[in-house]
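One chain, chain A, links the two complexes that follow: it is found with chain B in the first and with chain C in the second.
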Partner chain A sequence: MKTDKNKKLKVGVYGITGCSGCQLSIIFNEEEILDLLSLIDLKAFPFIKELNIDEEFDCIILEGLVANKGDLEILRKLRRNSKMLVSLGACACTGCVPAYRHFTLKENYEHLLYKKQEELQDVEPSPHDEHVKVDYYIPGCPPDKKEILRFIKGSVRGVLPRPHQNPVCIECRRNGNACLLDEGKPCLGPITTGGCNAVCINGGFECWGCRGPTKDMNLDLMIKMLRDRGFDDRFIQDRMRTFVGLKLPMLERVMQGPKSKVLQTRFDGEKKFYE
Partner chain B sequence: MSKTITLNHITKIEGHAKLNLKIDKGKITTCELSATEGARYFEGIVKGRKYYAAHEMTSRICGICSCAHVVAALTAVEDALGLTISEQSCRLRVLLTLAERIRSHATHLYFLALPDYLGYESALSMAPEYKPQLQAALRLMKMGNGIVKLLGGRDLHPVSAGVGGWLKLPKQEEMEETGKELLKVKKDAIATVKLFAGLKQPEFESDAEWFSLVDPNEYAVLKGKFASGKSSFEKHEYRKFIEEYHQAYSTSNFVVKEDRRYFVSALARLNNNHRQLSRDAQKALKETGLKPPSKNPYHNNLAQAIELIHCIDHAMEICKREIKQEEMPEITPRAGRGVGAIEVPRGTLWHEYTLDEKGIITDANIITPTAQNLFAMQEDIRKRMPSLLKKKKQEIVLDMEKLIRNYDPCFSCAAHFLEVKWL
Partner chain C sequence: MQVLRLEKKRLNHFLNVVKKGFELIAPVKSDLVRFSKIHHAEEIQLTKNSYFPVKEYFFRKEETLFQFEGTRITVPAYEAKKRVFFGIRRCDLNAIKNQDIVFIRDMGDPYYKAARENSYLLGYHCNTAPSPYCFCGSLDLVDFFDLMFFDKEDHFLVEVGSEKGKSLTEKYQEFFTDSQRLITRNEKTIPGVHRLENKDISRFYDHQDWKKGADICLSCGACTTLCPTCYCFEIHDEVKTADPVKGERKREWSSCQLQEFTRVAGDHIFRKEREDRFKHRIYHQLQYFKEKYGVQMCVGCGRCIEGCPTRIDFVRILNEMKNGKTENNG
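Entry: the complex of A and B
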């Protein structure tokens, strides 16, 4: 990406609706954060900077999901102004927990809807790539802070780290963890993209799938494994949709069967995610 | 002469907010501070989910205080289930909360607040001249993050704390090692107090009352009554004394107590509980000359710095205790309502859940510190403005930003969306 050796990469870090956790994950690289400036030309980072230069960027790293019209405007503007757009974190990549609203009953949140809808300017909670082209994804809730660093260092050299493809199980096994599925717990490690070093399972907690499904996941088998362990379809759907529901549009179809009781949502079948 | 000041994107705060000020003939006609974040409807989307999903989902309200949301949600859910956790489980939750406070205060003080006072646009641009100070900040942040990771499994959105206890316990030697590390960074906390005590703060008094938890046994963290100098309330009664409503220009709610505004924060805690601070924190407080109670919101930074010392001392005490292996309790779902009120970096955080007999969440309510402080912040700006009118616009803006940042607002939290009630 970089052509002139003396010219530093112009980077902007922004956030739209989210929890600021992904931007914090950048700062929480306590040992490296101060040296970051020698690597890149940090043009904008409103979370920690007063002066934010709004111009042509080589790379925009953007946290958060699109939840109102303001978010959408910012996303489109940043996309126009940057050669590269990086979606940082689960909200940006998959919609994360806020996008679970698509899969809950409307009556659960209807009463929370703001009366003056036109002022709130709500839009359906959605990840970046439902609206614009995304060049690189750093998934996870939160994203691995070292992965962010590797990306920045890599993009300075012009070599982007290869996205992870293996499921969480590979790293989990390497860490010597006992398999939570063997213990009867509803772990989504087999269908979830790794790169997190199986951090949740290391901490005793089952994987909820925050980094998104692997490209070649076997969803049928995963569903069967969970059903075999006594989890009902409602549970399986809720769990799978908590972080990445929008990226599993086929879930309902796969689960359809004479025995399954499926929660009807607005998605019935495949949905196209890319423009 | 009329003047309009609009800060569309207030920088160096958590989340997104804007300030809209209109001044006509020396009078403030409009003063609106509002979150510009999109609504995320957390209370709506946890409905229909089982009790064990509450902390996992609501943790995502906020990155910097994710431990706070986890602990508050767990406390509320256990309250609803009638579940009592072990003394050790509670102690480790206190440690998790304190560790988060250490990293949050250090991040806020050095990365968000300090540049204003030293005349820099950001902490990064301070680096050439203030490297030792920034390194101290980063050591404190690393310390807090290290403990959160040790206990919670990772830096943000911890996973090891579960309903009823801990899915995984730290090892004894890891706790001992942590205790040693804490002792090493204590000098950084003491230096932070000195640094912030030396900053010039404007004379100003807020009209808002301060509130925090008050616990007779210790500098309140997870237990106690919600109190100010004047009044005191039980947490289960909070709906009787906290009211929520919605402003047309914002996605956040303001919370008013008996038709009065109040603030929650490190300063509110210091005002109520300073006699329970650790010895070294009390000593540091005395040296600063700050005499609680203070109604000057500009003192919140100093209060945070003093809390750093106290949190380190309290955390060291916890690290000395023995870790016993414990089993997680068997949980039988039951119908009930539970409230969690805990002290988190920015003040008191409230979570409430109602469960049905299957353990499904049928109602949820969350009130964050920033949502409670918004009204006080806005009215402080209104009160402070007249004394600034003769200054240049740029100086007014800086002063306003300083005031807002002193409250350490988190608009991600405030804009999580609460129940709407028009007054």
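Entry: the complex of A and C
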């Protein structure tokens, strides 16, 4: 689609508090990055670009979560300047590991903080949609590089790709993997949104749920299954909260509810206890 | 049909010779048993049935239906690799027969047809049920194979089931001798412990016991992915970055157990409740398919139970409905 430069989609890629891995995921589309650059008008991408024009955007792709006042200012400003705001990565969408702070006591982490923390003016770590309206989410830690590409191609054509809703298991079984739950591992695939091609399980590593819970998840059953496999409640809670704790506000209630204790499931494998 | 005899010690030799003329696919044990391309006949294992069905070789996990450029369409060449499949069980052969009804007889699907026409199906008859979950004896399975291998102590009896099978035995005639006998009906039944007592489930649609299955369902779709007969798919377009007018339309396995599967324009979801989706799968297997094509779709391989993370045993749930028990009796 050859359009003249003025009509191209004006895109800006920024990052607030985060590890920059999500922005890297964009660049990891090595084979198609040049085509991508001709498709859009990349106004700003401070991570890789020297000249960044800060003006009106059609689309802002933003990595990282709000962890201090500066982040919040940037987020609000970008939102004002752009027609569309896209949260890129687990931090931006769900709060990811930094937001785990909500679930632990201050004395557990206080001694680890930088000395000059007053200057940082930290706020409660929170994903974008707790502060501004978000138009599209590209979840994952890190996000799938092809999904980012698909989103950009879609927005250029004016047809946004349908967000993934299916659990990780769909892709995992399609890939011919053995079920890690059958091996007694605490895999969160059944309640986690797919779209990652089950990359962790392909490598023999259980799903930690970085892409967020599915709308249709059976949380009672998932908890019961992990209990059946010998994991204690503390472990289950910690594991489920690692990436998406803020999106599972019902977790504690469900764990204490009767249903997650009485469901009749069958597990023939060996019980394993994880540290 | 003609029955030939093949000495057991010559089986590997036979398969190694076949392998020179065809791509040989048979069950191999790695972490699980799966159908894979065979490099040496010694790799093949026949003690357990494959965990994954053989359908992926015909109805592929992902298939490019066509390439497009604007409105111009180019259809890719269909794969025409000549393949011999060895070690497919009676249930899975019937599953292929059922998928043939859908893809060849009903839809005339050229991708599926090309793969099927170039394949030879060599079955392996189970002497006993290979899994505690299989229940093929409860279903009306028929003979459907090119060649069927019956395991008899020191030799195989090889029943010829089609012209294709016959041509193969003629091509490799040095391995076969005439057995001077026929396979009895009795030899074709497979003893197994699991039984589906009730195959007509039409009167149970509103039965409360469906909840027993739905409550312990994660909607993960393992059952449909592992099912040798399930054939639902979704279609999406993949456009090129350099020129978004060009691209490919792809077909991908999907599952009726997903909410997303029945989402339609206007954001309506037909089967929003887990119970409806669970029920739909069983009804499609045992009733709807029969109403449409005259046979039950389920072939009793038991993979949907064995592969389910919580082992939802729909056979037991249905049996209990028949007996009128509604309480959970463990």
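Definition applied: the second predicted complex is superposed on the first by the 243 of 275 C-alpha atoms of A that agree within 3 Å, B and C clash if a C-alpha of one lies under 4 Å from a C-alpha of the other, contacts with A are read in each partner's own complex, and residues count from 1 in each chain.
In this section, a residue touches a chain if its C-beta (ideal position, glycine included) is under 8 Å from a C-beta of that chain, and two chains touch if they have at least 3 such contacts.
Everything quoted here is computed from the prediction, not taken from an experiment.
In the model built by aligning both structures on chain A, chain B fits alongside chain C without clashing. By the document's definition of touching, of the two partners only chain B reaches A:Y100; chain C does not. Contacts of A:S20 after superposition on the shared chain: chain B is touched, whereas chain C is not. With both complexes superposed, B is the one of chain B and chain C in contact with more chain A residues.
In the superposed pair of complexes, A:P190 makes contact with chain C only, with no contact to chain B.
Touch criterion met: A:R174 reaches chain C, while chain B stays clear of it.
Within the superposed three-chain model, A:K153 lies in touch with chain C and out of touch with chain B [touch as defined at top]. Between chain B and chain C in the chain A overlay, the least Cα distance found is 12 Å.
For the contact definition in use here, the residues of chain A common to its chain B contact set and its chain C contact set are 36. Contact residues on chain C toward chain A in their complex (touch as defined above): 31-32, 34, 51-52, 61, 212, 215-222, 225-226, 238-245, 253-255, 258-260, 263, 274, 307, 309-311, 328, 330. Note for the complex: chain B touches chain A at residues 9, 11-12, 14-16, 36-45, 47-50, 53, 56-57, 60-64, 66, 103, 107, 111-112, 115, 121-124, 127, 131, 134-135, 138-139, 141-142, 145, 152-160, 162, 166-168, 246, 248-249, 251, 410, 412, 415, 417-420, 422. Considering their complex, residues 15-25, 27-28, 30-31, 33-34, 36-37, 42, 45-52, 65-68, 70-71, 96-98, 100-101, 104-105, 108-112, 114-116, 119-120, 122-123, 125, 141-142, 145, 199-200, 202-205, 208, 235, 238, 242 of chain A touch chain B. Taken together, the chain A residues at the contact with chain C in this complex read 1, 32, 35-36, 38-39, 149-150, 153, 156-157, 165-167, 169-170, 173-174, 176, 178-179, 181-182, 189-191, 215-218, 221-222, 225, 263-267.
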